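Reading through the structure tokens given below for one structure.
Chain nomenclature is as follows: A, B, C and D, assigned in order of appearance, with residue numbering initiated at 1 for each chain independently.
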Amino acid sequence: MIQLSAKILEKEEVACDHYRLALDAPLISKDAHPGQFVHVKITSQYMPLLRRPFSIHRINSSGIEILFRVVGTGTRLLAEKRVGDELDIIGPLGHGFMAKEDTFTAILVAGGVGVAPLFALAERLRQFTEVKMLIGSKTKTGIICLEKLEALGIGVQVATDDGSLGIKGIATDLLEDFLVTAASPQLPIYGCGPMPMLKVLSEIAQLYSSPCQISLEANMACGVGACLGCVVKMVDHHSPSHFEYKRVCVDGPVFDAKEILWR
Amino acid sequence: MIQLSAKILEKEEVACDHYRLALDAPLISKDAHPGQFVHVKITSQYMPLLRRPFSIHRINSSGIEILFRVVGTGTRLLAEKRVGDELDIIGPLGHGFMAKEDTFTAILVAGGVGVAPLFALAERLRQFTEVKMLIGSKTKTGIICLEKLEALGIGVQVATDDGSLGIKGIATDLLEDFLVTAASPQLPIYGCGPMPMLKVLSEIAQLYSSPCQISLEANMACGVGACLGCVVKMVDHHSPSHFEYKRVCVDGPVFDAKEILWR
Amino acid sequence: MEPNLSVNIGKLRLKNPVLVASGCFGYGQEYAELIDLSMLGGIILKGITLKERKGNPPPRIVETSSGMLNAIGLQNMGLSRFLKEKLPLLSDIPTTIIANICGETPEEYATIARELSNKEGIDALEINVSCPNVSHGGMLFGQDMMLTFEVVNQVRKATTLPLIVKLSPNVTDIVPIAQAAVDGGADAISLINTLLGMALDIESRKPCLSNITGGLSGPAIKPVALRMVRDVCKFVTVPVIGQGGIMTWEDSLEFLLVGATAVCIGTANFVNPKAGVEIIEGIRDYMKQRKMVKMGEIRM
Amino acid sequence: MEPNLSVNIGKLRLKNPVLVASGCFGYGQEYAELIDLSMLGGIILKGITLKERKGNPPPRIVETSSGMLNAIGLQNMGLSRFLKEKLPLLSDIPTTIIANICGETPEEYATIARELSNKEGIDALEINVSCPNVSHGGMLFGQDMMLTFEVVNQVRKATTLPLIVKLSPNVTDIVPIAQAAVDGGADAISLINTLLGMALDIESRKPCLSNITGGLSGPAIKPVALRMVRDVCKFVTVPVIGQGGIMTWEDSLEFLLVGATAVCIGTANFVNPKAGVEIIEGIRDYMKQRKMVKMGEIRM
């Protein structure tokens, strides 16, 4: 974990309102794992005041990449940055995916910009195992990184709510279809996306006895475990109330799906 | 008075930390007079929250120019704007100089960036009368618009505290020298600059029975006379306390020097 | 169906729930060239006192993070000059006009209220028991239950105009004070006035304001304002006018959601004179989108 | 001459006047990889209660204009696990460590204080009578003179550790409460804790925080904090630790100018973990430039 000023090396609008930034940060990338994140100070003003967390989208020797969707003030200002601008970032932060390298196939399920961290994971896993990526979005403009994933030799299937690309449906439909016909059982599943999708994902995984790791999001202040602002409810068999709060920033963002106490 | 979004047509760094912006605002320039100002919203964020007032530096058919010095957050952000960016501005605001066109010579005395409004006045006055401009600053890098004024045929004399340009001294020294030797008495004086300079200016003017108009500054919120935030102490012979507060934004920014109650 | 934005503040009917706040809109005319005043739900005038007040020496305002401090000190021409010089201009403004009044004693409040009653051009009174920038009266009344009751009660006896009581946030518990105002005869509660604050200039090593302390307004105070408005709305039975840091229609909506009947736009006018008008449009669009036809449906 | 930044808080000597605030720096270790902890004047730990507290459900934080609201609800492992799991790690941190304690009754405060006394690793106690996010104790004590006195007095009897009492800004008049704390035996006063506020999400039409209200911190509150710190400094005789919205050394200086002996950095740590260290450097440079040699010379 280090705080540094990273120059923006590349900027690409990968889709409408989706941007990719390549950051000059070898001191971060050397320790980074898929599923970890960086905490980004977007401006020197106090608006937004707090840092914004972004998953590490790609890891290479010169630094890392992030991929984000514009949803509010912070991401809008971030999208206005230019190549050469410096960003004050802290990272790598949190616990990433435990990449199981000894399985036949790994299934990565992404909702929308949830592709961001799974991309780094796919790049890692494909060195050892077959990688299957299932991506869902409202409509085809929200399906990002498709060509790049296919270029890496990763099998991608797509679902859109409106059927404008791939099947008409959601990513977890693709997952069920896949698992029903899968050759081997208990294939590991890795997921990132909106909460409702992740909940269904975790139910399917349980049904097929697949180990399932999920990357969660939460409002964050510190990003390093100090403020207790980012907690999620987790199963705790030792506690009389059977739950405990865990911090997304340091205990996660990746959790075993079985640990999560879904509402 | 109108609120509009004005495109930046030109941007020039006229000196270290001094910028000139030409704004596309014919609806403002058509009613603008030297000494009036525009109230500028610098960002859509809340930092800085309030508008910033800038004197109208030049008036032409396509719009107006402002000339400013970077002193804090607002002016720093303004200096980062680029040609083509839009600025939300309100203007023309306030009472400008009453340009006396029937005198032999007009004397304009500027301290530092106080040149900004006096430039517009000089351009106006020179059509009718001889214009003499006396500019003072700490050092030569703070003496701005010199060539441009001379190109207009305006006689400029310069004083710097360190003697790096013109005489070693302050602008009001130049004024005294000039008045002592002036051919005709009661020449009108127009001043803009830091308060201590303006105070001396007003004393000299009184000594030589010169009518003297001075442009004042104050922290402003509304710029239109509504908040009463920008007041200065003025002589009031009708009031038992002999003073009243007047608003720089609508009662000024240009006042008769005799009205001002100097501290 | 076109939504109906009108609301009732006691017997006072506003064409829409967006007022401009006292001290932030002069006497209306100041902004007449920049916006169509008839669009506004109403205009609350700069505070009026019995005698002329010169106000505090400058500097009177300073900007802070997402806010501003002001210590105007209630500069105004006093009641009698107001009646002569400003009142005649008010009846021409085609919207509701509310006078904001402040006194050093309950009797003074009552005197001003009486004088402003039955005057063409004044539709309601806002009793300011919350000005932080005067050494007598103002906030000192609004920080005390009994004194608040006393002021409101005396004014109530002096006029039949709708009475809005404007409260100070600089208190431990706002609810009993709001209730005291209602008990005294308030037709509505208005809050929050500014938070007491200060700022220093580290160059000169002196306070930025000559008055040392001032009232904090603007987006910085919105969370505090919302919390207090919610508390008061849950408790009192009269309409509440919410304010403090409203810059956009989204901000207004937060106040309406927690139960405010109307909102007041203060500092935002300085930043964007069109704020009030734009907020009205924003609320209208929101209602249209959600197929709401009257204001009461917004409340959560 | 190199300026001497050390200050005394009662019998507690800090190597410099910059502390990091409770709840904003965990137990120190969280930031150990990012800054050199030994540089700090001291670390105030996350609030400790007698029993474990799970805290409030999420969402617990939301950003506001130049500020943030938090409703952590004092999540902590409770005194006994703290003693077992965290205390042993503290003595390795080469700076002053101050425990922040909170209880539901004066007796509970005293019990915690007693247990933390004479323990390697704890140099002083900060009594939190100002937490806005718990339904019992916390701010309810700090809003009442008598209760504040009672809590401090009981703790005073239970320990000889230096006692800092942390006050709530959500009061009509902070001065008598500060005085009550001093009368109860406080060696120093710390203020301000957060302002009570709330925010709404207009999309979901619900409060942003599950707890509905939360504590406002960050630059937005600095003007209020400064005003209260000044008021207390003018009145009480013990050292005051100023906080609320400090982001830069210039902000710190404002607090030192109005009379604070030390300052506390809260929200700024989240924004810039180096804030504390940079502020210390900034103060040192300021003193050098002005040829000041000891902290007392800064005060205006």
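What we mean here is this: a contact is a pair of C-beta atoms (placed from the backbone, for glycine too) under 8 Å apart; a residue touches a chain by one contact, two chains touch by 3 or more.
Everything numeric here is computed off the predicted structure, so don't read it as measured data.
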| item | value |
| --- | --- |
| Which of B-C and A-C has more C-beta contact pairs | B-C |
| Farthest-lying chain, centroid of Cα atoms versus that of chain D | B |
| Inter-chain centre distance, chain A versus chain B - centres from mean C-alpha coordinates, in Å | 56 |
| Centre distance in Å when chain A and chain C are each reduced to the mean of their C-alpha atoms | 47 |
| Intercentroid distance (Cα basis), chain D paired with chain C, Å | 34 |
| Residues within chain B bordering two or more other chains | 46-47 |
| Residue list for chain D, restricted to those that touch at least two other chains | 65-67, 218-219 |
| Touch-based graph of the chains, sorted into line, ring, star, complete or other | complete |
| Residues of chain C that touch chain A when the two form their complex | 65-66 |
| Of chain B, residues touching chain A in the complex | 45-47, 73 |
| Interfacial residue positions of chain B with respect to chain C in the complex | 1-3, 41, 46-51, 88, 90, 218-233, 241, 243-245, 250 |
| Chain D to chain C touching residues, read off their complex | 64-67, 69, 143, 170-173, 195-200, 202, 205-206, 213-214, 216, 218-224, 226-227, 230, 245, 250, 253-254, 257-258, 300 |
| Chain A-facing residues of chain D, complex | 23-26, 30-31, 33-34, 46, 54-55, 57-63, 65-68, 70, 72, 75, 218-219, 247, 267, 269-274 |
